[in-house]
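Look at the two complexes coming up: chain A is in both, with chain B in one and chain C in the other.
Let's turn to the complex of A and B:
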């Protein structure tokens, strides 16, 4: 039978923005997928070269608009490393709390988009958004902004947490734990959902490592790799937490890993608040100044466990500006695995696989 | 009762020996049923939007009219005022004819349905079979509509719908035959009268479940909305259909749901029979409740995959429908 070539995207309901997939179909079976990217390319890496160090964080937030704080923090941490600025223990805990809240918000967004891509007429989507909004309200309390925070400063964050922030957060987390059970009843106990997810889009350990995927995709294959544990930053090593791994490598494992990660993040936030009380140092960092201290290291590289996988930034310093910044965005690498995973599946499965890989096209294109 | 008297008068008019009087009454009846159908489709469009909104912690339409009751009308007018575009490689004739034929078939099936002992266009001896003969045309017409639009997404949707057809149609027809055996007739009125003591929903619950699932597939409602799978095929056969025909297709969705609910209400919930209220109200109330169930299914489940639907049809529904047939025969004979 002759192959049908269909062009999915860049304008398509479930390409998460502007992904364009050229798919060769044999009947209903996928023979080959060719992702075309670059529809959202803004040249962030080049833009950074024209700005002073601390003028760039607002650009960084737009790299991954679902989890803006992760990229913001990564950039500021890279600059801190280059300039040789230390982050105090207290500021470290504060950043950890904000980052984990951001991770939960991002994962809730993702649960919604997965159910939507599987065809659940927006119910899971709206539920995910409802709970994400509560987290965003907390972040707004702490930072002053709902989505694009620009909250990181050299050596700390913009301002102290508000007085009732801890109380509100703990209350919200208890509420969220109740909601997670609701999601389980509603989504994971649905036999059709299991049918669509289990055994679909399997990625073996070897392939996962060779393709360089990170984050929940890698952990769902059974590789115990989490930057927070393997290469700890801030005060993650003082906390007792375990990266969650499953071994099937299919869609369902990717989904479950993320659900467990939300629960783990809730635990991390609780512990961090407990330890924050006895932590030393100053939470507030240096005010933003155009002229910053001279770089100590000419080259700095920092890696972080962003919600979507391992994000890295490689910075070569000029005197007052970045000479070159290179970004390893996790979704770009994960997207490269799509053809390998989805080959041989039916067309309907392409979208569930694409959804569980968690694509944010802004992050892919940078 | 006034309504019963009126409908009784109506019945004698419909079956009048004078052919001209009969034709006049048929036309009046057609107008009444068309209005009823449009009102139901309209109200149900609104109820569906509101219900889905409530499940999803939203408000749904609020601005146009009280509680947004005129939102669908506004959408309809907007669609009518849009430019009509046809893709270059489309078969214009078929693309225009298919939606119109689909609506006509749905309307025709609703005409065959008895709304009360007297309010009915005909009392065919094989009414049930005639309904299913015409129902069998709809997937083919949808297939034609998909192919004629010339788009690849529409074509994929059309392929899926034909594959799906062979999975649900056979169990559905077996259940229909079972109902026919149990009632001893394929006349819709005698089927309803046989249920006045015991609705077939209680006599054959398995049959009801099979028929409900098959009807969801027939109506292309989630989880079987493969042809229009919005997150996969954009809108399936509707992708290249625009303006007035798109409005027609949207209305078609609700009229077909009305039709499906009416058929389920007649086959399993004793149609128009019920105490106190006139028959037409009972039938509409029953159809409404069944439609609400269809919506609840829509908001809670994810879409099924085509091979799983085939498996469901051949491995579960078909054997179960045969078991249902056997059990019912044993009960009826005993």
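Let's turn to the complex of A and C:
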């Protein structure tokens, strides 16, 4: 039978940004998918070459606009490594708290969009977004901004936490723990949701490694790799936490890994607040100056467990500006695997697979 | 680890056999007189990263594809070809990945001129 070629996007409710998928179908079975990306390509890597080191964080935040703090922190950490600046213990815990809050907010956003894509009407969407906003309010208290924080400074963060920040956060986390049970009842006990997720979009462990997928997609296949554990940064090694691993590699595993990650993040934040009380050093970093210290390392490479997977920056230094900044964005490589995962499935399953991969197109295109 | 262009495929094959089964990233840096293509490989079992650097001449910029070892190399190689003009040998050529324009020049090379219209050349 002749193949049918259909075009989805560039703007489509289920493509999460400006993504275009050209799908070859045999009946309604997918034979091949060719993702067309680049609609949001801003050339960030080239832009930073024209700016001083600390002029770039606002650009970095827009790479992944659902989790701006993660990219901001990654860039500043890379520059810190190049300039040879140490982060104090206290600033490390403060950054960990903010990053984990950002991770929870990003995952909640994703729960909203997954349930929306799977046709669970609007309820899941509103639930996810409502709880995310509570976290954003906390971040606003701490940084002064709701979404694009530009909160990282060389050696620390912009300002001390406000007085009631800890109390509010702990209260919110208790509320969130209660809510996670409700999510479980609402979503995971829904037979339609399970039917569309279980056994759909299976990726084997060998393929996952060969394709180089990252983050929750990799961990849902049974690979034990979490940068926070395998290559710890800040004070993660002082905390007792475990990366969440499942082995089925299907949509439902990807979903469950994320839910468990939220619960783990809640624990990390609690422990970090406890340890912050006795931590040494300064929380506030250096003020932004156009003239920065001279780089001590010519090349700096830093990787972080961002909410969507492992993000990495490779920085080659010039005197006052980056000579070259190469960004490994997690969603880029996960999207490259889409064809492999979705081949052989029905067209209707494409959207549940695409949704569980958690695409942010700005992050793919950079 | 610096290696010759001709030694790329044998080195990668050897590394893959010794447990470096995960490709983290392929990228490049333009040093004007040379282009360094960088392969970051990882052994998940040993929890170790290894960086391979291959120097190539910008006027004769090509490199072998490593797709037969790592499927994940696909988009990185296409990005490399598009942004640095490094031709990838031994794989099917595909359309541009990121850019929607039919422009000339390679954006991440240092001799790329900003704000120049390439349409009329």
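For the reader, a short list of remarks on this structure follows.
In the analysis below, the second predicted complex is superposed on the first by the 366 of 366 C-alpha atoms of A that agree within 3 Å, B and C clash if a C-alpha of one lies under 4 Å from a C-alpha of the other, contacts with A are read in each partner's own complex, and residues count from 1 in each chain.
Convention: a contact is a pair of C-beta atoms (placed from the backbone, for glycine too) under 8 Å apart; a residue touches a chain by one contact, two chains touch by 3 or more.
Bear in mind that the values here come from a model prediction, so they are computed numbers and not experimental data.
Superposition note: with chain A as the common reference, chain B and chain C can be accommodated side by side.
Residue contacts after overlaying the shared chain place A:255 against neither chain B nor chain C.
When the two complexes are overlaid on their common chain A, residue A:312 makes contact with chain C while staying clear of chain B. In the superposition on chain A, A:115 contacts chain B only, with no contact to chain C.
Judged by the touch definition given at the top, the superposed model places A:46 against chain C, while chain B stays out of reach. Of the two partner chains placed around the shared chain by superposition, chain C is the only one that A:37 touches, whereas chain B remains out of contact. Judged by the touch definition given at the top, the superposed model places A:346 against chain B, while chain C stays out of reach.
Superposed on chain A, the gap between chain B and chain C at their nearest CA atoms measures out to 24 angstrom in whole units. The residues of chain A shared by its contacts with chain B and with chain C come to none at all. Residues 4, 6, 12-14, 25, 27-28, 115-123, 125-127, 130, 186, 190, 192-193, 195-196, 346-351 of chain A are the ones that touch chain B when the two sit in their complex. Considering their complex, residues 52, 55-58, 152-153, 156, 159-160, 222-223, 225-226, 229-232, 234, 298-308 of chain B touch chain A.
Touching chain C in their complex are the following residues of chain A: 37-39, 41, 43, 45-46, 207, 209-213, 223, 225, 230-231, 301, 303, 310, 312, 314, 316, 323-324, 326, 328, 332-333, 336-337, 340, 365.
Chain contact summary for the complex, chain C toward chain A: residues 21-25, 27-30, 38, 40, 44, 47, 51, 70-75, 96-100, 107-108, 112.
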